[in-house]
Every structure is written in C-alpha cells, then in structure tokens.
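Note sheet for the following structure.
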Amino acid sequence: MEKTCADELPLTVNSSESKETICIFGTGDFGRSLGLKMLQCGYSVVFGSRNPQMSSLLPDGAEVLSYPEAVKSSDIIFLTIHREHYEFLTELTAVLNGKTLVDVSNNIKINQYPESNAEYLAQLVPGAHVVKAFNTISAWALQSGALDASRQVFVCGNDSKAKQRVMDIARTLGLTPLDQGSLMAAAEIENYPLQLFPMWRFPFYLSAALCAFFFFYCVIREVIYPYVNDKSDTTFRLAISIPNRVFPITALTLLALVYLPGVIAAILQLYRGTKYCRFPDWLDHWMLCRKQLGLVALGFAFLHVLYTLVIPIRYYVRWRLRNLTVTQTLLKKENTFSTTSAWLGDSYVALGILGFFLFVLLGITSLPSVSNMVNWREFRFVQSKLGYLTLILCTAHTLVYGGKKFLSPSVLRWYLPSAYILALIIPCTVLVIKFILIMPCIDKTLTRIRQGWERNSKISKSALNGKTDI
Amino acid sequence: MEKTCADELPLTVNSSESKETICIFGTGDFGRSLGLKMLQCGYSVVFGSRNPQMSSLLPDGAEVLSYPEAVKSSDIIFLTIHREHYEFLTELTAVLNGKTLVDVSNNIKINQYPESNAEYLAQLVPGAHVVKAFNTISAWALQSGALDASRQVFVCGNDSKAKQRVMDIARTLGLTPLDQGSLMAAAEIENYPLQLFPMWRFPFYLSAALCAFFFFYCVIREVIYPYVNDKSDTTFRLAISIPNRVFPITALTLLALVYLPGVIAAILQLYRGTKYCRFPDWLDHWMLCRKQLGLVALGFAFLHVLYTLVIPIRYYVRWRLRNLTVTQTLLKKENTFSTTSAWLGDSYVALGILGFFLFVLLGITSLPSVSNMVNWREFRFVQSKLGYLTLILCTAHTLVYGGKKFLSPSVLRWYLPSAYILALIIPCTVLVIKFILIMPCIDKTLTRIRQGWERNSKISKSALNGKTDI
Amino acid sequence: MEKTCADELPLTVNSSESKETICIFGTGDFGRSLGLKMLQCGYSVVFGSRNPQMSSLLPDGAEVLSYPEAVKSSDIIFLTIHREHYEFLTELTAVLNGKTLVDVSNNIKINQYPESNAEYLAQLVPGAHVVKAFNTISAWALQSGALDASRQVFVCGNDSKAKQRVMDIARTLGLTPLDQGSLMAAAEIENYPLQLFPMWRFPFYLSAALCAFFFFYCVIREVIYPYVNDKSDTTFRLAISIPNRVFPITALTLLALVYLPGVIAAILQLYRGTKYCRFPDWLDHWMLCRKQLGLVALGFAFLHVLYTLVIPIRYYVRWRLRNLTVTQTLLKKENTFSTTSAWLGDSYVALGILGFFLFVLLGITSLPSVSNMVNWREFRFVQSKLGYLTLILCTAHTLVYGGKKFLSPSVLRWYLPSAYILALIIPCTVLVIKFILIMPCIDKTLTRIRQGWERNSKISKSALNGKTDI
C-alpha cells in the first residue's frame, strides 16, 4: 500500500488535530524537501538557519528562525548539515540538552572518518539523544513521491524512546523504519547508501575475465585458424556461434566455483582436525559471495539457452542445411538413420534442459522473499543437494556433448583442444573430490569435526561430555 | 512459517492460562468467522447483538449478550457492523468510555464518505480509543485458513497502547500487523481492499490501444493487401506472424515510454531553470507508473521471444523451406553464402537476445523483495544505466532487423511502410534527446538545478551559501 | 543491509560503552558459537558449566563459572542445553527468579513431546520469564557469518519486556527478530526448523505418480508397440519425445487439479445448503496445497516449453525433414500448401504460448513479496479469473493439437488412445462443471450461501436481519 499523504490530507484535517512541531537545522536541498514532506503530512516545521532572513526558497508554511530560537520550538531536531559544520553545535549544548537530534548526514566515501557522523555528533552534544536515520532516502525521492527504490529508513540510537519517536515520524511520512539497534550501527548505516553492489564485484570481474579468455581462445580456434589455413572468412561467428561457446563454458566454470570453496573448506577442516580455526581470508570472502557467483552463472546459462534456441532461425544454419539436402539429393546418397547419434544428441539436449531447469529453481529459491520462507534445513537441502545435482547434470551435458569426438586428436587446432574441454576441468575436479568426501568413513569424521570435535584436543573428553549441550 | 493455531492447540492448553475475553459487536458472517478464529486461538468471545436470542449460527463456546452487557465483559470491542448502523453506539458512549473500539468495516466504493469510517466512529464515541484494523482480511480466508493472499493487517489509531493490543491479537491469529500511524491513515486503509490494480490501469489501456492499432495496421498490410492484389489467402498469419510483429513493436514503444517522461521532465527543468515547480499532473502520473509500463513491456517482449522461437516448428515455415530446397535442387542453382546476410542476421538476433536478457534483469530487480535489498544508488544504477542500455540494444535490434531493406520504397504497400519503422520513432527520439542531455554543458546545468540551484533566483547566493547544508 | 558486526567494530569502541553481560548455560557447539558472536558484537559473556575447569574450547574473552555463580552475573540467561537435561535447573529456581531464560533448544522429531520445550521450562522454573528464540539459527551460520538462509529469529514469550530484550539482542547480532506472541507459539517455533517442505510433499508425490504412469503408457504405445509390430528400435524417444508428452500431460492434469477442489467445495456447499459445515479433511488439505500444485504444474509446463523449442535442433527431426525433402524432390511430387494445416498448427502453438505466458504470470504473482503487495480483491482476480483463463487456454491448446486426428480410430494402438486424450479428462470436467456453476441461477444461490445464508435454517430470518452486520 503506497502512502502519499500529500495528496490525501486536506489542510482542514490537520487543523482538527494539534500539530506536532519539528525543527530542521539546515536549509539545503534535503532539508527543504524533508520540511515540505513533513508539512504535507501534517507537521509544523521550523527551520533553523544562520541567516534566517536570506532563506526564501523554503516551503510555504514553514517558519525560519535562528538556531537557538528554532531549538526552543521543538524537542526533536533534524540535522541536515554536512558533518564538517557540526562544530557550531557545541555552542548550543545547553539548549540541546535532553532533545532528540536526528543525524541524516552521509559521507562521500565509505569509512571516510574513524567514527561515524552520528557517534561524532553524540560526542559533541553529549546531553542530546542522537538518532541516526533518513540518510538512505534521497531528496529527489522525498520530493517527487517516486519512492520506487527502497522506502526503508534504517534507524539506530542509544535512547529507545527517541528512536521510537523518529520511527513514528518515518511511518507518518510513508516510509518503513527498521530498528538497527544502538548507535554503534551508525557507521554501517552511513556506509550503506555509498555502496554499489559490493558483493557482486568479485563475481562480475571474475566472469568478465573468464569470458574474455574463452572468447579469445575461441576466436583463435574458430576464426583465425580457418583464415590462416583456408583463407575462409568466418568472422560472422563472432555474433552468435562464439558467444554460444563462451557463455556455457563461463556458466559451468562459475557454477563449479560456487561449490569449490565448500570442498576446500572441508579438506582444510579434515587436515586441521578442527573447525575452530579461521579459514584464510580469501576463502571466507569466496564463501560469502557464492550466491552472487551462482546467479551470474545462471545469467550466462540463460543466455546460452537463448543462443541455442535461435540456432534454427539463423541464416547460416538454414543455408548449410539446405545445401546438405541439395547435395544429398543430387548425389542420390542414402542418409541412414543412426540410433547412436539420435541417442547422443537427444540425451545431451535433455541433460542440458534438466540442468537448466534445476538451475532456475535454485535461482528462484535465492530470491530474498523466497529464502525467507524456508528454514535452515530446507535451504541446505535446496542449495546443497539440488545444487550438486545441477552441477552433475550440467557437467554430464558437456561430457555427452563431446560424445565420440571427445579428446580425439582430429579436433585439435594448433594443439588447442576444443574450448568445452577446458570447461570440464574445474567441475570434474569438484565432483570427484565431493564424491570422495561423502564416502562414509570421511563423511563421519567431517561431521564430528563440524559438531565441535577436535582431533588434537587433549580435553576432547570434555567436548564429548558436552554432548549434552547443543 | 504458517500459523494455524486451530489445528495445534488442544483445549487443555487454553485452560491452563487465563483466557482473555474479546467482545464482538455484530453477528454477520465476518463477525462469526472472526469469533470462531479467536475461540480457536484461545480467546473467550462474547458477541453483542440486538437479538441475543435469535443468533444461533454463532460458533460453539461463544456467549451472546445484548450490547450493553457484552461491553462489560471486555475492554476491547470489535465492531463488525456496517457504517450505516453506527448511530446506536451513541447510546453506549458512557460504557464505551476508555475502551478500545476496533473498526473493521469496509465501504463499497473508494472514498464513499467525506471522512473514513474509523474517524466517523471516533467522532461518535469520543471517549473510546478507536483502532482501524482487520478490514483487509476476508471472512472466507479467516474461516478456511487459506490465507494465501496477504496476511497483512494494516492497523492505525491515535492511542498507541490500544493499537499495540490489537496488533498482538492479530499476531495471535497468525496474521502480520503493520502499524500505519495515526487514525488519519484510516481513509487509505479503507480504500485499500477496494482497489483493483490502480497503478496498472494506464499501462494496460495504453498497451491495449497500441496493440489494437498495430494489429489493424499489420492486417491491412499483410492480409488485406495480398488478398486485394493477388487474391491470396494469408489469414493464417493472424495466429502467429502478425502477433509476432505487434508484440515487439508494442514492447519497444512501451519501453521508450518508460524513459520519455524523465526526458520531458529534464527539458522542463532546464526551461524553467528551477526544480521547485510542480510538473503538470499528467507528467507526475506518468512518472509514477513507469515501473508498471516497463513490466507490461517486458511481458510483450517475453511473448515476442516465445513467438520467435517457435518459428522453425511452424507448418508454414517448414513448408516454405522445403519448397525452396526442392526448387533449388530441381533448378540446380547454386546457393552462394553471403557473409553480409550472415552478419546482419546473426547480429540482429544477438542484439535482441542481449536486450531481452537485460530486460529480464530489470524485471527481476523490480520485484519488491529484490528492490528492498538495494540502496538508492544501486537502484538508480540498475533502472537508469541498465535501462538505457536495454533501450539502446532493443532499438539497435530493430534497426538491424530492417537491415538493407530499411526505408526502401519496395516495401511500401499502399504507401504504408513496414510496421517496425513506426516502432522506431519514439525510441529513437528518446535516445537522441537523452544523448543531448548528457552532453557535459547541459548535464552540468541540470545537475545544479537538481541540487537546488535556481536560474532566476535573486537570492541564489543564499542557496550557494546553503551548500554547506545537505 | 548485511550486518556483520564482527568485522566492523574495533575493540576500542566497545570499551567506551558499558558492556552488557549475557550468561550462557551450556558449552556445546551452539553455545560457543553464540558466545563468540556476542563477544564480537560488544557483549560480555559468562558461560555457566558443570565443570568450569574443563571447558577450554570457549572463545577468548568469555568467563566460565559454575551455574549458580554464572547466574549472578546477568539477568538474561541463554539455555543451550538439550531438554533432557533441564532438571538441574530446579535446584536453581531461587536464583533464577525474575530472570529472563532464553530457550534455544530444538528437538529431533516434530511434536516429540506433549508440550514444547519452552513451556516445559516455564513449568520447571515458574519464577523466570521464559522466552523461546534463536532455535531457527544454526551454529554454523552464526559462526561463519554465512547467514544466506533465513535470518529470521522467531521469538515468543509471555513477558513482553523479556521478549523485547531478546529481540534487541537478536537485532544487535544482525538477525531479524519476529514476535510470534505468547509462549503457546513455542511448539510451532520448535517444529519449524524440523520441517522439510511439508506443503510440497503431496504435490510432489502426486506429480511423480502421474509422471510414472504416463511415462509407461507412452513407452508402451511408442516404444514397445513399434518394436513388437515392426521390430523398429525407437528407444531414443525415451530422452526427449516421450518426456515431451509426459510433461505437458502432467502439467495440464495438475493445473486442473488446482481448480478441482474449488469446484467440489462449491458442489458440497450447494448440496448441503450451508457453508457452516467443515469440508472433509482430504478436501481441506487439498485446498491448502493448491498453490504448490500450481507451481509444480508450472515447472512441468516450463520443461515442456524447453523440450518443444529444441525440436528443430534434434538430430532425428533434421534427419526426417531432410529425407522428406529428398523424397519429394526425387518423386517431383507437388507439396501443396494447406491453409487448414497452417491455421491448425499456428493456433495450437499460439494458444500454448498464451497459456504459458499467463501461467508464468500466475507463478510470479505467487512469489511471497509480490502476493504481499496485492490486496484480497486483486489476489482473487489473478488466481481465479486469470487462473481459469490459463486452464481454458491450455485445454484448448491440447484440443487443437489433437486437431483432425482427435479420437480417430487410426491412432489407437492396442486399443490405447493417444496419451494427450487422457490428459483432457480432468480439465474438461472441471471446465464444464465450472461453466454450470457460474450460470446465474446457481451462482446466485452459491453467493448467498457464501455470505452466510442457510437453506435449512429455521432462523434464517435472523441471518437476514444480520445483513446489517458484516
């Protein structure tokens, strides 16, 4: 339900209720937009400004006073001022005592200052209840009502009453306040609007690098090689044929890379004999962006499916098929049906379809609203069991695609094997190691380690006693 | 987690705790369903009725009393009565003093009365704490437990304790209460269940009109024209060929219309030299339904993809291809390979696939649960940068599709150009204007305007001073 | 916004605030993981243990004391102990009086004990405020920070202050607490992490049975029959051709089974003349898993689409088409164009595409985040109106597919009709009954029954009077 109080509340309604007064320090764009929105939602707004006479851009109905006067009018003050100008507040500590100060400021860089703006403010004005909020909302969105992007207002603060009051105001403005706890969370709330897909960066660069590598590999084998050998111009393959080799290879490699860190972690735990050792940082980071890796892989798989399905409507394919038919007719050669070819071709396609189907299922399950509906056991079942099944199906799809010509020397060009053979290295490695890890003897040890047992612990007895604890 | 307390709580559990008593005024279908659900969840229920003797349809275990007696049993009263019959409550003002009155009523039309039912109730019984809630839940859903639709209970009220108590009851019944603020929100909460996709209406009618227009245009060119000229019957094109022209054209036009209002707004702001002027209403409304326009466009693009991929399994296409081959064989004509055709065909298809892929990405990002996860900067990046890239790719797809025969007079039929040429007008216009707008000199002015600068403002100095504010 | 306080809070920050102390009973894996996480988030942690000297696996910075001493340090105690060992707490009832006891335990089976662990705990220590929480979070997830799965912490308890405090702690640890009401909800919260897609079981087994049946049916008709009659080897059809018959049949049957219970319920209500009779249990259960049935059907429909679109790139299809062309050329037979075939083929495909498109729309609408955005009226519109339209389109798709050879005796093999004819039985039945039910006279009676009217009720007058109530 979208709340746009601006359109719905006639001014007469407001007059029937006693208006609450809110003070805004700062008459910049965000301050004005916020003031306007508050006026529309039935609040009285008093601006605090250095030059109250000079501020004529302010919304109609708002009062403008000097800072000390403005403070008196309300016990909640929104601070729409850059952190660099907070010092003037030290002169107002006396009047600000016991008031609620809402810090809406953002920085330009992530972790720009050692402490968050809100914590800095709390140090400057120790008597005030500092609440961090509203920094994730843009002036443009407030003003235009086009709150398509997140309406979420992250709120944190040490005083729970002050925090509650700010959350009530957010709700009245049609936003969704989310309590993030104490003021310690402010640093993170301030970093939030500056982020640009931080978890997606590694998967993105990795897949770009993989794509580039396989693209040039295929160009060498399929465009440069025929040109050097036969002087034939196959540049048109750059548009569809080569992408349709690069995309599935990238997808399969990325999918295998989703499951590789789990396998490495298991080996590390087996080797160390304990789970109470931190993994290396690169492994930790890798494990945290598995979901993103998997979704990028799904993107490439989706492109592969589309590129494959358009094959029969391509000019080149139609031309070649027609020529084959004409040649066959003219030579009156018999074209015998090969059951093996039919089996290989059909099962390769069927494996691909089933793998893609499960992959799409995995993707849907990783949607936030869906993954919130499943419990830990269901999530593990889908992401682990179904995930490995997907990897097996997609690897089998590639293996059967190779079929009879797999590793035959006739397909080597300049000693380079077909690209799809390179794609099989990581998936097959992952599957083989996983297969070893789930063998009963190894699986049992691993399960014990993950339940807290330690191989080299002298007091493992106590841990075993501890079995009564969860 | 789905809570269906009915099945899980044996009656013995209830008896161990002191039952809370809730009073329900009105023994209609909703009142009875609500009472039954409350009984199942461990509450005591007392119905208030005009004719306590006559009400035998009530759930077992509920008591039925006259209104004044029922009120005494509980300090929370659910009012399941139509607004038209609220007057009798004026006689009960004394006993209702300090009690919580929950208004669950709905109207038949949007904004049927000048004030909301809950506000009207608060005026009638000024001493009671009126809370609006439960009007979005249907009796059928409550009774059958089939709460597939939204479990959200919007709650509003001026007394926060009363509101909190109603929210607790909603939670106990397995519903999700959402605090919507003061009783001023009641009008909106009452309108909510009466809406039928209000934001989708304009996109729906617009796309229907576009579809109809292009359908008749294509029928004239591709069915009536050949019939008049050659007496050939091509009516079978109505099933797939013509829809597969109409759908992509509608999709591309709608996609361009998503970005047109932003471009118009920028021009308006540049012309006016300020952003502190309201846009015309039609532009405001248009900007607010851009998301819906885009999703309808995605739907048509999806249909276009499916219609295109089935081309090779169509009878007509197979028949034509076979005849071409037979003719070629019989005439023993050589069919030389044209690299240009291969390039044009393949790149047209590749552009379409990439455009569709980005379009699907945009669609996924607009899912509520996904767009709640991204911040404003990420949302802008996806919807603006990726959105324009999608528009560029799809426009290029259409341009290359035209290829060599683009604007050639031979394709005119009755002076009508091919339909796809009409589809290019709006997208190309949008892209050209956008290209002009992002040129540094213009972009700089626009950015300043959007940060609050005004061209004709005499006190723009203060605004510049105000740069220290956010 | 993902909160991982571990990485962001230097220890110096913690020292500036007075640390809150939390007590954890039990030094098992979950207790240790929870303690570590709390230490990282700025809490002081005191473990209570039977053998304080033996517990050296605990995280650095945590104190270990005997149970009675540990209790003194904090007024909130997390109990990470199996229910079987709760008895020792009876000795501590005096010191636990007034303290908050957080029960995080899980069982091994659903409904293992007559009362929930938390309720049992509340009986053992009547003076403490028992709160159920954190049982849905795994030790592994807490420790690794890989909270990809649900971050939701279901919280319930009879003392609202104690509950609020536990919710604050959950928020500080980066989790999302959800208030589930009183301790009566504990049984359900304890069952939740043990479930494995309970609502999906019936649809899954049903579709597996349907698939198996139709698979063997098709194998008999299309593999065994030709082998027996012509000794021809058509086993390659097992990979694609036969699944592409089984999947659409299963999809259509499941889709019809989504709408069948609604129709049965309507007939039951008409027959009984009242809606105040419970439906039989099987019907209730069936109605509750309609969404899951529909989504499984959508999965099969999606597979059918993919299997159909790959038809032209199959070896068998290309081989057959080429042979047809060659034969036609050699015989110089004319291949006349049949407008009827073109119409039938195209409209069958177009109906399928439109049906699938609507089906995908239904699927998207059933995503939790989307269905939360729509009101009851909109949900009914989509799931009922659009749903029936989908069923009509898909049934028509199958009927037109049969086309001229529908029910012709020539397609019988061993007296077995084509499989798709079996697929039509349930959908056609549902559509015919639904068509009868929406005829004005019957629809009117049904609507009255659903609004609470009873045919055989002697006091239906009062119900009619009750029309003033909702």
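Order as written gives the chain letters A, B and C; numbering starts at 1 within each chain.
Keep in mind that, in the parts below, contacts are C-beta pairs under 8 Å (C-beta built on N, C-alpha and C of every residue); 3 or more make two chains touch, one makes a residue touch a chain.
Remember, predicted model here, so these are calculated numbers, not experimental data.
**Q** When chain A touches chain C, do the two copies use mostly the same residue numbers, with over half shared, or different ones?
**A** Since fewer than half of the residue numbers are used by both chains, the interface counts as different.
**Q** How far, in degrees, do you have to turn chain B to put its CA atoms on top of chain C, rounded to the nearest 5?
**A** 120
**Q** Averaged over CA atoms, how far is the centre of chain A from the centre of chain C? Could you give it in whole Å?
**A** Taking the mean C-alpha position of each chain, the two centres sit 24 Å apart.
**Q** Taking each residue of chain B in turn, which ones touch at least two of the other chains?
**A** 192, 309, 312, 325, 329, 367-370, 372
**Q** Enumerate the contact residues on chain A facing chain B in the complex.
**A** Touch residues, chain A against chain B: 1, 3, 5, 8-9, 13, 17, 26-32, 42, 50-51, 54-57, 80-82, 84-85, 104-106, 136-141, 143-146, 148-150, 152, 168, 171-172, 192-197, 233, 235-236, 239-241, 243, 299, 302-303, 306-307, 309-310, 312-316, 318-319, 322-323, 325-326, 329-330, 367-370, 372.
**Q** Under the touch definition given earlier, write down the residues of chain B that touch chain A in their complex.
**A** My answer: residues 154, 179-182, 184-185, 187-189, 192, 275-276, 284, 287-288, 290-291, 305, 308-309, 311-312, 321, 324-325, 328-329, 332, 335, 337-339, 341-347, 349-350, 353-354, 356-357, 360-361, 367-381, 383, 450-452, 454, 457, 459, 461-463, 465-470.
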